[in-house]
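As written, the chains take the letters A, B, C and D, and residue 1 is the first residue of each chain.
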Amino acid sequence: MKRATLISMGFMAALSSAAIAATPVQNNNITESEVEAAQKAWGAALIQISKDYAANGHESASALANQVLDQAYGYSHGPVLFKPTLASGEKTFRVTQEGALSYFVGGNDYYGDGGFALKPWETYDFENAAVYINGDLALTMGHVILTDSAGDTTTVDKTWAFKKDEQGTLRIVLHHSSLPYSE
Amino acid sequence: MKRATLISMGFMAALSSAAIAATPVQNNNITESEVEAAQKAWGAALIQISKDYAANGHESASALANQVLDQAYGYSHGPVLFKPTLASGEKTFRVTQEGALSYFVGGNDYYGDGGFALKPWETYDFENAAVYINGDLALTMGHVILTDSAGDTTTVDKTWAFKKDEQGTLRIVLHHSSLPYSE
Amino acid sequence: MKRATLISMGFMAALSSAAIAATPVQNNNITESEVEAAQKAWGAALIQISKDYAANGHESASALANQVLDQAYGYSHGPVLFKPTLASGEKTFRVTQEGALSYFVGGNDYYGDGGFALKPWETYDFENAAVYINGDLALTMGHVILTDSAGDTTTVDKTWAFKKDEQGTLRIVLHHSSLPYSE
Amino acid sequence: MKRATLISMGFMAALSSAAIAATPVQNNNITESEVEAAQKAWGAALIQISKDYAANGHESASALANQVLDQAYGYSHGPVLFKPTLASGEKTFRVTQEGALSYFVGGNDYYGDGGFALKPWETYDFENAAVYINGDLALTMGHVILTDSAGDTTTVDKTWAFKKDEQGTLRIVLHHSSLPYSE
């Protein structure tokens, strides 16, 4: 193994200077703080659509909602497993962006939604019951609490799956929302 | 590069015989058929617990339910994100096995559940709206349809996340079940 | 639970027709056959660069090599862990595309490579010793056998890691190649 | 949506107290610091085997090496993609634990290895050229520098893939080691 032992001082010096420079690290995983940020962003976007509707009308709010879906959901990558709170029957699941857009801002004859994001939402909060992180995918489950302009509070049971894409953006690939069970 | 070019015929022969033997492949991923099998197994287990309760009483059914939770859920690995259909209030989320067991067979003073698996379930079916597979984790969303001994049908909106463990067993790490929305 | 049991026949019919349409499935995992195809493509690209050099000269071969690196390696996503067969000293690791390009076609004063892909390669084969698949990442290890126009054979010990990107393309994110050990 | 808005103050209080307790988080991902610790542990184990051999003989060192393989490699989970530094020909790849054990401590007629870990190793260091983290799998590439009791230094080009198992232990599932190329 003579070759290997004949390492010149120059080579060792090169190693040392290389050690000073930071080692490049590519990490594709989701972190807890990224999950929390994405959860906060979801609520902020909902309220923003609501306020945009009040200020600028349906067309503006609808364009904004579509932009939010483009950026925060995974529809451009494939189907999204989305069960909105108030959807039912054969329109329960919104695996396409068209179905999701209808749920948030209505205006779609087939789905017949009223537009959940058009309600006068004021504040948003969430309480995670548990979080599960597996590579570039994170699962959350907990309560989401929305308050409207009249001070009425709506709490829903909410499950999300976030996928971190190649640009580092977390995208919702699963969203199951339901009203609390009452006997 | 003389070393490399001096490959003896014996070595090439060894390569050829190695090629005849199958290359060892370790594949940690979930397949669609594994997901379907796990979904079928969930319903079969529910009905088995129900029938065991009718035939052998609560103690037997409770032991069976605990065994099902041991084998089909991920509680031994960490928290499970479980929102059962009929759970609500501060008892909505059952991140521990104790909470899940109570939901299925009752008998727990704190949770006060009636025992969902003790109802006289006869048949089970599911309809996936979409499936999302990411490594050793698979997400499903769709309807689950249960029929009881009186012929009454219960349909729920159901989301599952299955994690394939090191033994190749799919374990439920997320389970969100809710009644269909009705105005 | 009266709501849930009052499912109209129309709804069940909708479920049935939905079942006829294929369930959308998003599967981000790598398959064995995708790995084999990527391994074959690597060799085909190497030979193509070699033949392009012979036919059209260095500029053409260099452009082609750059295109291959763009498409088959992960440099556009981050650092690639690349240890080429004949690289050594402080130039052993080529974590940037510039370093990789130099290795394949030379023409870079800093690296001083002769250009591995410019040799007159004729045929390519590989023998996997084992394959390891973990989500969207696959690892392979085995022999790669190259034959040149003089009929001389070069065998190297080769390790690859392939990452499946969002477009479904397998990209090399790790490549360790070494000459067989000889005493 | 009257149900949802009729949330009692008691329920909100329950949410608040739940928020005080830490949310359970299951995170299956590898961290950079875990990777570094595993890389350090590999060298420490090599030196420990070497010193055990000097102090207690071959049987003791062999038992220790087997224990290290049990704990730090993934052989109990499936094949390991292992190309040791000094292995060649049809014995290049050691996908079974038997082949790996032979490489480190010899004593195996088929493989005929001298026993790499039996050399009088004194110190160990590593320099990562780059690290790639993807879920529960991490890839490293760089130099490993070993010094023996005579002060001679051996540098090798080293690639590892570590898989985090269900107990949180990082296991080597790929290990490609080669002597630096010299013309």
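The working rule: a residue touches a chain if its C-beta (ideal position, glycine included) is under 8 Å from a C-beta of that chain, and two chains touch if they have at least 3 such contacts.
If you want to know which protein each chain is, UniProt gives these names: A, B, C, D = Phosphoribosyl-AMP cyclohydrolase.
The structure presented is a predicted model; accordingly, all values stated were derived computationally and were not measured.
**Q** If you tally the C-beta contacts for B-C and for A-C, which one comes out higher?
**A** Answer to which pair has more contacts is B-C.
**Q** Where the centre means the average of the CA atoms, what chain is farthest from chain A?
**A** When every chain centre is compared against chain A, the largest gap points to D.
**Q** Please compute the C-alpha centroid of chain C, do the same for chain D, then give the distance between them in whole Å.
**A** Centre separation, chain C to chain D: 25 Å.
**Q** Between chain A and chain C, what is the gap in Å from one C-alpha centre to the other?
**A** Their C-alpha centroids are separated by 31 Å.
**Q** Between chain B and chain C, what's the gap in Å when you average each chain's C-alpha atoms?
**A** Chain centres of chain B and chain C, defined by C-alpha means, are spaced 34 Å apart.
**Q** Chain C: which residues touch two or more other chains?
**A** 11, 15, 18, 24-26, 78-79, 86, 89, 95, 129-130, 132, 134-136, 142-143, 173, 179-180, 182
**Q** Of all residues in chain D, which touch chain B in the complex?
**A** It is residues 11, 14-15, 18, 24-26, 77-79, 89-90, 95, 135, 165-166, 173 of chain D that touch chain B.
**Q** Which residues, counting only chain C, touch chain D once they are in their complex?
**A** So the residues of chain C in touch with chain D come to 78-83, 85-89, 92-93, 95, 129-130, 132, 134-137, 139-143, 157, 159, 161, 163, 173-174, 176, 178-182.
**Q** Residue numbers of chain D touching chain A in their complex, please.
**A** Chain D reaches chain A through residues 1, 3-5, 7, 15, 18-19, 23-30, 32, 86, 127-136, 142-143, 145, 152-156, 179-180, 182.
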